[in-house]
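Let me begin by presenting the structure, written as structure tokens, before commenting on it.
Naming follows writing order (A, B, C, D and E), and every chain is counted from residue 1.
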Amino acid sequence: MIEATEIDVSYDGIQVIWDLSLSVPEDEGVIAIVGPNGAGKSTLLRVLSGLHPIDDGRVTLWGEDASTLEPSEIVEKGFVHVSEERNLFDEMTVRENLEMGAYTRREGLEGNVREVFELFPVLERRASQRAGSLSGGEQQMLAIGRGLMAEPKILALDEPSEGLAPQITARMFEKIEEISEEVTVLLVEQHVHRALSLAGRAYLLENGEIVTQDTGPGLLESEYVEEAYL
Amino acid sequence: MIALPRDEVRNVGLAAVLLALAPLPVLGSSYYQTVLVHLLVVAMFAVALNVVFGQTDQLFLFMGGLAGIGAYGTALLTDWLGITAWLTLPIAALFAGLVGLSVSWIAAKRKFTVVLISILTLNLQLVISEVLVGARDVTGGSTGFAYTYFSMSEIAEAVGLGEKLVLYYLSLLLLVCLLLAYVWLVHSNYGVAFQAIREDETAAASIGVDVVHYKVVAGFVSAFVFGLVGAFYALEAGYILPSAFAFQTVDVLVLIVLIVGGLRTTLGPVVGAGIVVAIEEILGATLTNWRTAIFGALLVFLFLYFRSGVIPAVDDRLAGIGVMSDERDDKPDDEPAG
Amino acid sequence: MLEVDDVTKQFGGLVAVDDVDFEIGEGEIVGLIGPNGAGKTTLFNTITGIFDPEPGGVVEFDGRNLVELDTHEIARLGVIRTFQIVRVFDEMTVLENAAAGAIFGSEESVSRSEARERGREVLEFIGLADKADVEAGALPIARKKQLELARALAAEPKLVLLDEIASGLTPGEIETLTDTIRRIRDERGVSVFWIEHIMDAIMGVADRIIVLNSGEKIAEDTPAGIRENEAVVEAYLGEEA
Amino acid sequence: SEGGNGGGNGGSSGPITVAALEPLSGPFSAWAGVHRAGLQFAVDEVNADGGVLDRELELDVTDTGSDPAEADSAFRRSVEQNGAIVSTGAVSSDVGLRVAQTAAELEVPHFLHMSGTDDVITQDTQYVFRVGLLPASTYIRAQATAFSDAGYSSLGAIVGDYAWGRSAESAIEEYFDADVNVQVAPLGADDFKSYIRQMPDDLEMLIASGHPPGSATIANQVYELGYTPDVVSGASTPPQLLSGVLSDDALEGYVHVHQSDPYTDQFVDAAEGFGEENDAQFNTHTAYGYMTGKMLAAAIEEAGEADPAALAEATRNIQFETLSPEPMQYSQYGELDQAVVTYSRILQEAPSYYSDGEYSYEELFRSDPVPAREPGQ
Amino acid sequence: MVTIGTMVAVAVDGIAFGVFLALLGVGITLVFGLGDVLNLAIGAFSVLAVIFATVMLGRGQGLVVAILVALVAVTALGLLIDRTLLSLVYRSEGEERILLGIFTTLGLVIFIDGAVSNFYPARYTLPLDVGVVPVGGAAVTGSSLVIIAVGVAMLLVLFAFLRRTFVGKATRTVFQDERGAQLVGVNPRRIRTLIFVLSIAVAGLAGIVFAFGSNVSVASGFQFTVYALIVSIVGGVRSLTGAIGAGLLLGIVNEFANFFVGSYVAMIILFGTAIVVLVAKPEVIS
């Protein structure tokens, strides 16, 4: 359970998130966050995973104050963030990247690697290639795969479809739906239609503020979203 | 051609006037004159480093070696050719420049990182040092020889100043030229190219920046200046020794001066030289045994807390109270005035 | 104007681009699609001199052989690209980024103030003018991609190569972008060669689309033709298209 | 004259200042520490005896870091700002050479602590005087005598590839009758095994004094490699450094060379006083500082005025009884004349004059008084 | 007089010197190749270890105890530096951190040299007094054999740690993408500390084995750092096995060059090799 309460966030003194509250319980399926460019979606995920500090408000993870936690401890607790920059280990092979994804859960490693390979077969073919030399889409798959390796309780995906071919995108959304039965997926997506149709709960973020909140399909139907995005 | 930005030129002018006046209160003292000449020489080295390292991230750690090529080259050419050192100096400096050019060329072609180029040049430095010591028949080995190639005495007599003072004003003239050349360089399109290269070489190349060319130019110009100033450095000492051109003697000092003063600031080299030379002199006279230790501790402190250098730090303070000062020039000016 | 013949690029045993031929003419917008890892970015890299094609491959632009030229020389001939993983000059302002494109992008010498003029003009054109004085590093990724496009245009190219410039945009934003790309061609006479996975974006604008799969060109046709091409549907589009 | 520059005349009242340009940091800090202490002790003694010309002597100590440029500027500062009329302290050759120039320019004498390179003194030199170290050739000459006296026949030498080592090398050719296996090692070498392995198996004496920085390592390694020379001649290293760095075998054969004479009563007196005062052992190198202090006081007294040029002149004419075997005296160029070179083993026991001491000396041989070297151009 | 026996003896000395170089190279490579800080103070830590051991010997401790205590002491000092100075360095990122690392360790080494030479101005050695060991007709230096044994043991332990343990493997992640490491649950700060402290221990041991056969003064520190840099370059900066191979190669080359040509040539060969390697194949290195 992650909870952000009335948080303010800024970069170098320029505020980008205003008074935002959000809670992400376990077993919630998919929670989607949509919004235009620069709305602060990625920033919000960075805050939740401990990569960026808040100026005001409070973030708790499973009851514990996030400001006392290292990002690595947050991962240990079960919140895993697949960032939009991907942050792969360029000089390590695809397989090594996946193994490191399991840094906090060291058993069952082989089986999990298999699962990732099933989801993204191309990765298996590239298993011993340097991650840095993968194509853009392959890197994206690896980033998602690495996130899955940690067996998170809550998985935050930041624009996972970015750079993926249409077929793969479709497959990935299927996988998201599948894992959301066990894991809460906090999904930031520009494939608004796809994302919202999966989401039990969805937020529209604009200029650092939550403008609307509804069920995914509900939001999809709202005039507001229709006008702005579809 | 572009016009130089007025405030930069004004700052250089101001520094020049201050430095020109500096020897006057201490006219009789060869000590102060020696220290002042030393300061100028170090500042000139730092200007050169500011181009190659500051502007293009090529950390040359064979500054001592390049200076040595200039100084020894001038002396040896003068002996061999029997012509005046004023003619052999540019030849030797050119040679140093070509060495710098080759290093930059290889490094740029092979896409060396800053650390690789620093280690490459450090190794070259050690080779040059070994050669200066080992080739005793030519260089006089570790005990060197008296460096009396530029006789200042005629000029000194002509203008009625002491030889040291003549050397001082000559060095000052050269320093001012170098500073103005630096200002011109960073405010020309070279400056933009340098910044683009520093930030992302691939992106720079993709919009038409010839990365190798710009790095090589920076390497050549800096190495040339090191060679040129190297002769002044030897002249100031009056005696030439391999140890004077060693890594620990030149490179460490110049690097410290530039960082303390402020990388990529026009006057950083001068201010840094002033601070570091002053610290050295004061510590040497007062703290004796603990001089080196305290110098080291001070450096760590300066590096960590004034990591962008004194000039930018002071600048920020001054900006706070509305006083203009040397502008950090990695931001190209909008409209160059004047 | 751009002619690519028999171009192959291998990495060790992997053939990333496999014997590809095509042409791009004046004032054309050509799309390049294909599965992840098909070799699209590699093809861009080969055209722009980051990689050399295997011997025998020909890349010609306005009659000049690009294979022997360095990246910056190719850029100066008027072929400028953007990057899939953005590369803007983070510590320069948005305007300075654009101006840098103007300074180095052509053989003529451009003064700093002239370059800024042009920079402002392209920012206006792209719709980034309001961010002119922001440090580029602070832009969100999608905006950085736009900035890359502006920087490329400031160099007054004849051909721009765009690598997934629409990814990460909302549908509304994509619309604006496709519009911009059309204007690049119509108002500035620049040809466009465009990699994209977002079919809504590319299908509407491209005159012609080239499809790569495992390095090989498997189709080249109008957007409508491509949608119906079975091989493409099978390899790439899936039932989504 | 220009060179005096108004400084350096010491005024006519107040203390007389002596510039101590000591390499307190850097590779020669151990030399500087003891030299400075000896110098200070001498100055205190002189002042306790009523000073010089009824004025106190005062030290102006600077750390040169063994850097010639630092030494030069410190020298000038001391003379011009603080009115020093004389200086001392150079250890490394670089510093000696630079300081010699400054001395000539300022016309203020410098008493070298070490810096034994030939080139420090030329035929033009008027302001530089050796104290603790003679030119390399002088030592080799003394060793040649000892070698033939002992009737050895198998000899090796390792010299450093720099001025000092090379002049030792040519002196070896000049003064030794026997065939000497000479190896040239770089100055910075710290492993000499491959040079030693080229030595004859029956090595009786090994000259390591041609490679001062390496001499202790050479001694250690020659015994480690199973050689058993009777004597390994070392450089003029302060003895407090030797007892720690020599292995037990090497201590047996290693000989320490010195100009001061620790076997005289005068030395013992000074050492006792020093020990009480400083709670430290007075050694052959402390003695150089002490001798310098006493000698320059005498020379100033002799000159009758606190003037650098007069002091230099007086020094050239001095015959000064001090802790050296023969009185200190100089050639017109400042070379030590009639100096006696003594070679001693280091024993790991306290000397009579300092019960907390860690080492004492055992004389092995000493040379006849050696005439001053005739400087080159 | 060049017999096979002598050649063998020279070769063993060369390997011993090579092991010393390999340790230094590994010390640099650990922190730089896997990380961002080019530790210019590394040689100073080698020297400090020797001084600590000498002090312990002076207190009447046995050699082995003295060495262990020295290694613990120097490692503790490394930890202190890591928690203080390097913490400040790690506040910045990317290129700036690399440079700050270089400058801070440069200042640090000046400080250490200046401070330590006040108390320990001499040269120090830790003689083993093992003499020579006859090995099939060759008079092999005993200290060289000990150096080889001790050094190899240390390297084996290190490798086992880095290759066999998850934590060891995770060290690489931090240096490739710090944020990525955080995202998979690695605490970069802790890994950095671990690696730095390890590198200091290795460098300390390098100093100590060097002092078995030779002697060390504060001024040797710089020389050691240069050796370390050269070895790590020739070996390929990021590769530990490379550093070890390069160390051994250079050690042997150096010893034979010393024996046959002597003088500066050996040094120039050493630096020359580094330059050639740098110019010829930097892609291996960067």
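One rule holds in what follows: a contact is a pair of C-beta atoms (placed from the backbone, for glycine too) under 8 Å apart; a residue touches a chain by one contact, two chains touch by 3 or more.
This structure is a prediction, so every number in the text was calculated from the model and none was measured.
Q: Can you give me the shortest step count from chain C to chain D, moving only between touching chains?
A: Each step joins two touching chains, and the minimum needed here is 2.
Q: Show which chains lie in contact with chain D and also with chain E.
A: B
Q: Pick out whichever of the two, A-C or A-E, is joined by more C-beta pairs in contact.
A: Greater number of contacting C-beta pairs: A-C.
Q: Among the chains here, which has the CA centroid at the largest distance from chain C's centroid?
A: Computed centres place D farthest from chain C.
Q: Which integer distance in Å separates the CA centroid of chain B from that of chain D?
A: Each chain's C-alpha centroid was found; their separation is 37 Å.
Q: Between chain B and chain E, what is the gap in Å from one C-alpha centre to the other?
A: 33
Q: Suppose each chain is reduced to the average of its Cα coordinates; what separation in Å results between chain A and chain B?
A: A distance of 51 Å separates the two centres.
Q: In angstrom, rounded to a whole number, how far apart do the mean CA points of chain B and chain C lie?
A: Here the centre of chain C sits 43 Å away from the centre of chain B.
Q: For chain B, write out the residues touching at least two other chains, lowest number first.
A: 130, 133-134, 289, 291-293, in rising order.
Q: At which residue positions does chain C touch at least two other chains?
A: Not one residue in chain C touches at least two other chains.
Q: Among the residues of chain A, which are close enough to touch at least two other chains?
A: Answer for chain A, listing residues that touch two or more other chains: there are none.
Q: Could you please write down every pair of chains that are in touch?
A: Per the contact definition above, the touching pairs are A-C, A-E, B-C, B-D, B-E, D-E.
Q: What does chain E use to touch chain A in their complex?
A: Counting only chain E, the residues touching chain A are 166, 169-170, 172-173, 176-177, 179-189, 238.
Q: Going by the contact rule set out above, which residues of chain B touch chain C in the complex?
A: My answer: residues 2, 187-189, 192-193, 195-196, 199-200, 202-212, 330-332, 334-336.
Q: Once bound in the complex, which stretches of chain A touch chain E?
A: Those residues of chain A that touch chain E are 49-51, 70-73, 75-76, 80-83, 85-92, 96, 99-104, 106, 146-147, 149-150.
Q: Please give the residue numbers of chain B that touch chain D in the complex, ascending.
A: 28-32, 34-35, 38, 130, 133-134, 136, 141-144, 146, 162, 237-239, 241, 243-244, 249, 280-281, 283-285, 287-289, 291-293
Q: Given the complex with chain C, which residues does chain A contribute to the contact?
A: Residues 11-12, 14, 34-38, 42, 84, 122, 126, 133-138, 140-141, 159, 162-170, 190, 192, 228-230 of chain A touch chain C in their complex.
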